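Here come two complexes built around chain A, the first alongside chain B, the second alongside chain C.
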Partner chain A sequence: MPKYIPNAKQYKHPLPIHPLDNLPPLISHNPLSWVYWLYKYLSSTNQLAVNIHVELSSGKHITVADPNEMLYLWRNGFFGTAQLSRSEPTWRQRTLARLGEEDSPQALEHVTQQRRLQRLEFKRQRASFEETKLSLRRQGVDESEILQQERDFLKSLRDREIQLQGQNAVSLRDSDIELFDNEDKLKELEVLELMPVEAVFLTFALPVLDMPIASLLASLCGSRPTYDEIHELCIKYAAYHHYRSHGWCVRSGIKFGCHYLLYKRGPPFHHAEYGVMVLNSEDSMDYTFYSSIARVLGGAKKSFILCYVELCESQDTVLRHWNAGRFDRVFGSYKVGEIMYRRWVPGKNRD
Partner chain B sequence: MSVGVIEVVEDSAVRSALVDSDAEGDELSQDWSHIAKLSKSQVVVPKRGEKDYGPDGTDAQELLLYKARKAMFDSLSDAARGTVIKNLTHAFYVPELHSAFVPKPKGSFMHTIGKVDRKGVCWLTFHELVYLAERGTITPYFKHSERQDHDLDPSLSIEDLYMLFKSPQEADEFAVYAHLKRLGFIVMNSQPRQEMTHREVPKAIPSLFQSFRSLARRQFDIFRTPTYHPLQFHLMRYTSSGQIYDALSKLIPHYVAPKTIQDLQGEKLLTLKEGDSSRSFTFDVWKPQGSFKKKAPGWPDFQVLVVNKNTKDYKFPTYSEMKLLFKNLNTKVDSLVPESLSGKTPPEKGKAQRQSKPVAPHVEQQRRLKKGYRSFILALMDDGLISFVRLTESDFGSEKVWFDPKRSPIIKSNSRNKRKTSSDRSAGK
Partner chain C sequence: MSGAKIPINLIRGSDNERCGGIAMVFNIDHIRELRNLGFAGILAGTLPSAAQQNAFLSVPLRLMAEEALWLVENGRAFFIAGSEVVIAAIQTLSLQEMKLAERKLDNFFAEQRAFKQVRHQEKLQQLGLSSEMSRTSESLLESSLFVETPNSSDLIARRVKANQFDCPEIQRALCGQLRRNCKNPGDYYVYKALKCDGYYLSPGARFGGRFIAYPGDPLRYHSHMTVQPALNYQNDPLDLLQVVSGGRLGTGVKKLWVVAGVRAQVEAATEEAVSFFSIEWAGFG
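Right after this comes the complex of A and B.
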């Protein structure tokens, strides 16, 4: 059984570039400590020893394949989404645990799966009860009697649910044999996929990926793009950089129909509290657009933020900077403003 | 369960205090069974219960619905209704002015509705007239201009009144007006106000000293500002994650919400100079209160803009329009955080003592983020359905939310500043 590592220790660094936090103490009355400190200061660097290798497939898919690097990106800032897991790359561990090869703590995906099975079972039970209820009604049984029966039924379901928890079985399938290579080791099937903005952040703002920013952007937008071709990426990145650089952990919000979710520290620590939609400052959508996203986010107890990105320079200037490779000027010419959108219920604002 | 455990958030207290007011559905529709009990010795009124999971072919649900409806109609039809003729209040609609007057006004509606002129005649706006007529508080008449006496003026029915709306927009506005009034809010037509004179505020002088200091700080920071060059990390060294964040956060400029009354006034002055106040609000809304005075209503709690979603010229406001609306906003400023809490200036001693419970800075920050700053309400009409949306100015750019083990609100790099913050904290206690 692997030892439990506290979250605060496991996810100590919020960014993949670590600060120099192992500098010796600086003692003001001891000049020798100054020299030692200076030596340590100058000899160490924030840079990674080896940059993380990424692959670009079909132009837009940016993936990391090495298991250690995948884990590194997840543990240091929660970048990327593993393709066979929910977000953290846990497929390997889960598979080993399923095949009984390795004892592992319960992964999040297991919890979800179990919950789904329970829900399915509940629906099946409910449907069968609805049938009996109908036959009772047809027989003209009193409504209160039916209600009583319904209560008993729900209670019995609940009891069974409590019993079910904690049961866990090893299951083997015939096709599982194909998961292993010639040396009887589990194949590495899972890769970590990065959102384009994440990849830009990890090359442009922080030197983490082993790819020059110019070639990354060229493959995302084409080598000689027009302004319209880069606009979407630019406003998305401006918003992404804005929130990342203020300390938020920004992840894709596609599950909730918006662009980004903002986590404080990261998914293991807090639920995301905000859902962000990135818009042009002159965008005016149909009301249904706003209200439907607000409904979905509101159902998950998240606040809906409209993030408006405004271009402060002319399009030609931006394009010129882009072609000259001055991407800091490109992204710096966007200005970000936020509006919180919230349904207002008059009856609850009367005090 | 190493990964699955979501750490118990230490600020659960905040969360319960800040629970989104509209999160748990709106159970505002009336349950007539309670009223029915009062009006008549009803036998059994069906309680509101769970709906069936699906239609099952029997009439069980129909029966429940029938019972509930019957309870409503019974309680409506059985209640003794009517009025004493002597107490009738007459209102006369003047078509030229599109408003009405009440020659002998009486009744508690006067508390929040109408405008009394020098002769003691109460003038009602058209919304107020229709609303009061709908409630049965007044009896509306159509005023013929050539006559002095009111004897031959024809009485108006509710349908007649509805026909007198000048435009669909006015009818929409009335629907919102009546909805809010029925819920007890005090609603007035929004008047363009000149300036904020009676908000006693010390003259705001932009402190030169402060701007110098911030300039100096920026000078120091230049050494750590990233150039976004591939080689920059060979030259620069960061000793904390906060420094990295600080450096990165300078790239994208952002709008800063005015957080103090001084900021607000500065912005107001700018708007006055620009002179653009094209789009203004429809209604000023106050929360229900006994101490309300028509003459000196004070600042409204909310300002409402009514738009119809289905008209041709409908447009959800763009960001620049929203900013303009925020500038024209004239509501209470309790939503703005006092400067002492924004984490920029040290709290004054007096202020710190007045606050009964000191709140941790990160909790305070969370509240600021959740609450936002200025806000207005958009009432959207969609085929007679009103949905209210509150648009609030937020400012994520002024808050730094990364986790700092030292738990200080702002991460400072040099030790002089560090000493300063610690002394601030002791002064705050």
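Right after this comes the complex of A and C.
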């Protein structure tokens, strides 16, 4: 069993680029240490040794395949979504654990599944007990007797639960053999997919991916795009960059029917606090649009942020900058403003 | 009463010319009749000085534009439009009639006074006190008189020849006006199709939809479906995010999230031209 690493240590850095953290100690009465420190300071860089390799397929599908790089992107800012897992690339580990090859701590997906099964089983048991209770009542059995039976029943459920926690069955399927290559090693099937805005952020704002920004944007929007073709990406990116640069961890909000979810530090630490919908500054939607999103987010205890992105330059100017490769000017010509929408129920929002 | 057409007033908002009017029903008997026909509507009456909570609202009953259109098209009701009619009717009132009405009110007060006095005497006798009316109790009595505000005026109702509106040309024109003012013309076909299947429909903004559909009277059943604004489903896009949030919302409130599609040639659309698709979020614990 690997040693437990606290989240705060494992996810120490909010972005893939770190501050210089390999500087030697500076000893104030030893001038030699100053020189050495200065030398180390000037010679070291926080650029990645090797930029992360990304694959582009069918233009807009951006993936990272190397397991270490996947993990690196996840651990440093929670970028991307692993395609066979919930978010974090855990497929390999889960599969090995399932096949009994590796003694691993339980992945989140596994925990959820077990909880659901437990809950289902509990509901079934409870329903059957309710029936017996009803029949006992009909027979006129004493109420304290029924209460005693109920207590016994709940205790038996609890005992069984404790028993089950110890077990961890290995299950093999016939098709599992195909998961292994010729050298009997598990194939790396899982890749990490990046949202287009994440890929742009990791090339344009931070030098992390091994791809020039111009070619990435060309493959996302076409080589000589019209303004309408770049508009969607531009406003999404302006919003994404805005929140990332204010220190939020921004992830896709598709699960909750909005564009982004904002985490204070990241998914392992807290639930997302906000759901963001990116809109044009002049957008005006049907009331049902706002109310349905706000209700879904409200049900998950999140606040709904309407993020309005306004273009401050003319479209032609933006397009000219785009074609000249001045993407800083392109993304800089947008202004971001927010409105928070919350459903307020007097009876439920007293504290 | 049943069998006769129900008058629906189209009240024009003050905000714009374009508005075809809001369909209101003022008579309580008519409201009952509508309920039996499967139209719940929404009670909207309150006093400006003492605004009421939803549960305590009173007449008039507000109908959705689709409901009103359906009623008129099926010959169950007819529209009355324009405040001019009412104003004209008021101007024809004679002094005599006004006096009559006043006398009626006075009689009503006198009855109340007499009744209250008798009750007062009885009470005093029970308590064994002298049965003399003091000045204070008289003024108290006077202030406790009950003034009834009728939901609709008998006096004017008799004057307005409501039936003058009940001719096909006017009704068609008013229907057209109301329909033009509907934001989404396809909604009416969706409404018709669901109505045909026996659903009770209410406005669905609370649950993020155009309608919510109940399998029977809303007082007896929870609603089963949230129906989205009608799409021209061969051409209109359906946003994936909308499907996600709709599916989640529907599942969260235990309703089916329904997307209704109307085929392109809306002019000729009948019930068959409407299709329904339901979306559920699977795998919730």
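Just so it is clear, the second predicted complex is superposed on the first by the 281 of 351 C-alpha atoms of A that agree within 3 Å, B and C clash if a C-alpha of one lies under 4 Å from a C-alpha of the other, contacts with A are read in each partner's own complex, and residues count from 1 in each chain.
Assume a contact is a pair of C-beta atoms (placed from the backbone, for glycine too) under 8 Å apart; a residue touches a chain by one contact, two chains touch by 3 or more.
Nothing here was measured: the structure is a model prediction, and the numbers come from that model.
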item	value
Clash or fit (per the criteria above) of chain B with chain C on chain A	clash
Dominant toucher of chain A (residue count), chain B or chain C	B
Touched partner set for A:119, first chain B, second chain C, both or neither	second
Partner chain in contact with A:322 - chain B first, chain C second, else both or neither	neither
Touched partner set for A:260, first chain B, second chain C, both or neither	neither
First (chain B), second (chain C), both or neither touched by A:287	both
First, second, both or neither for A:295, with chain B first and chain C second	second
Which superposed partner A:79 touches (first chain B, second chain C, both, neither)	neither
Contacts of A:271 with chain B and chain C, given as first, second, both or neither	first
First (chain B), second (chain C), both or neither touched by A:91	neither
Segment of chain B intruding into chain C (one of 24-32, 78-86, 204-212 or 366-374)	78-86
Common ground on chain A, meaning residues reached by chain C in one complex and by chain B in the other	286-287, 291
Residues on chain C engaged by chain A in the complex (per definition of touch)	204-210, 228-229, 240-242, 244-246, 248-249, 252, 285
Footprint of chain B on chain A - complex, ascending	2, 4-5, 7, 13-15, 17-21, 23, 41, 44-47, 88, 90, 105-108, 111, 126, 130, 133-134, 137-138, 143, 204-207, 212-213, 238, 241-248, 264-265, 268-271, 273-274, 279, 281-287, 290-291, 294, 298, 301, 303, 305-306, 308, 310, 312, 327-328, 331-332, 334-351
Residues on chain A engaged by chain C in the complex (per definition of touch)	115-116, 119-120, 254-259, 286-289, 291-293, 295-296, 299
Chain B residues touching chain A - in the complex, by the definition given at the top	1-7, 9, 20-23, 26, 28, 52-54, 56-58, 60, 179-180, 183-185, 226-228, 230, 233-234, 236-241, 243-245, 248-249, 251-255, 287-288, 302, 309, 315-320, 322-323, 369-370, 372, 375, 377, 380, 382, 387-397, 399-403
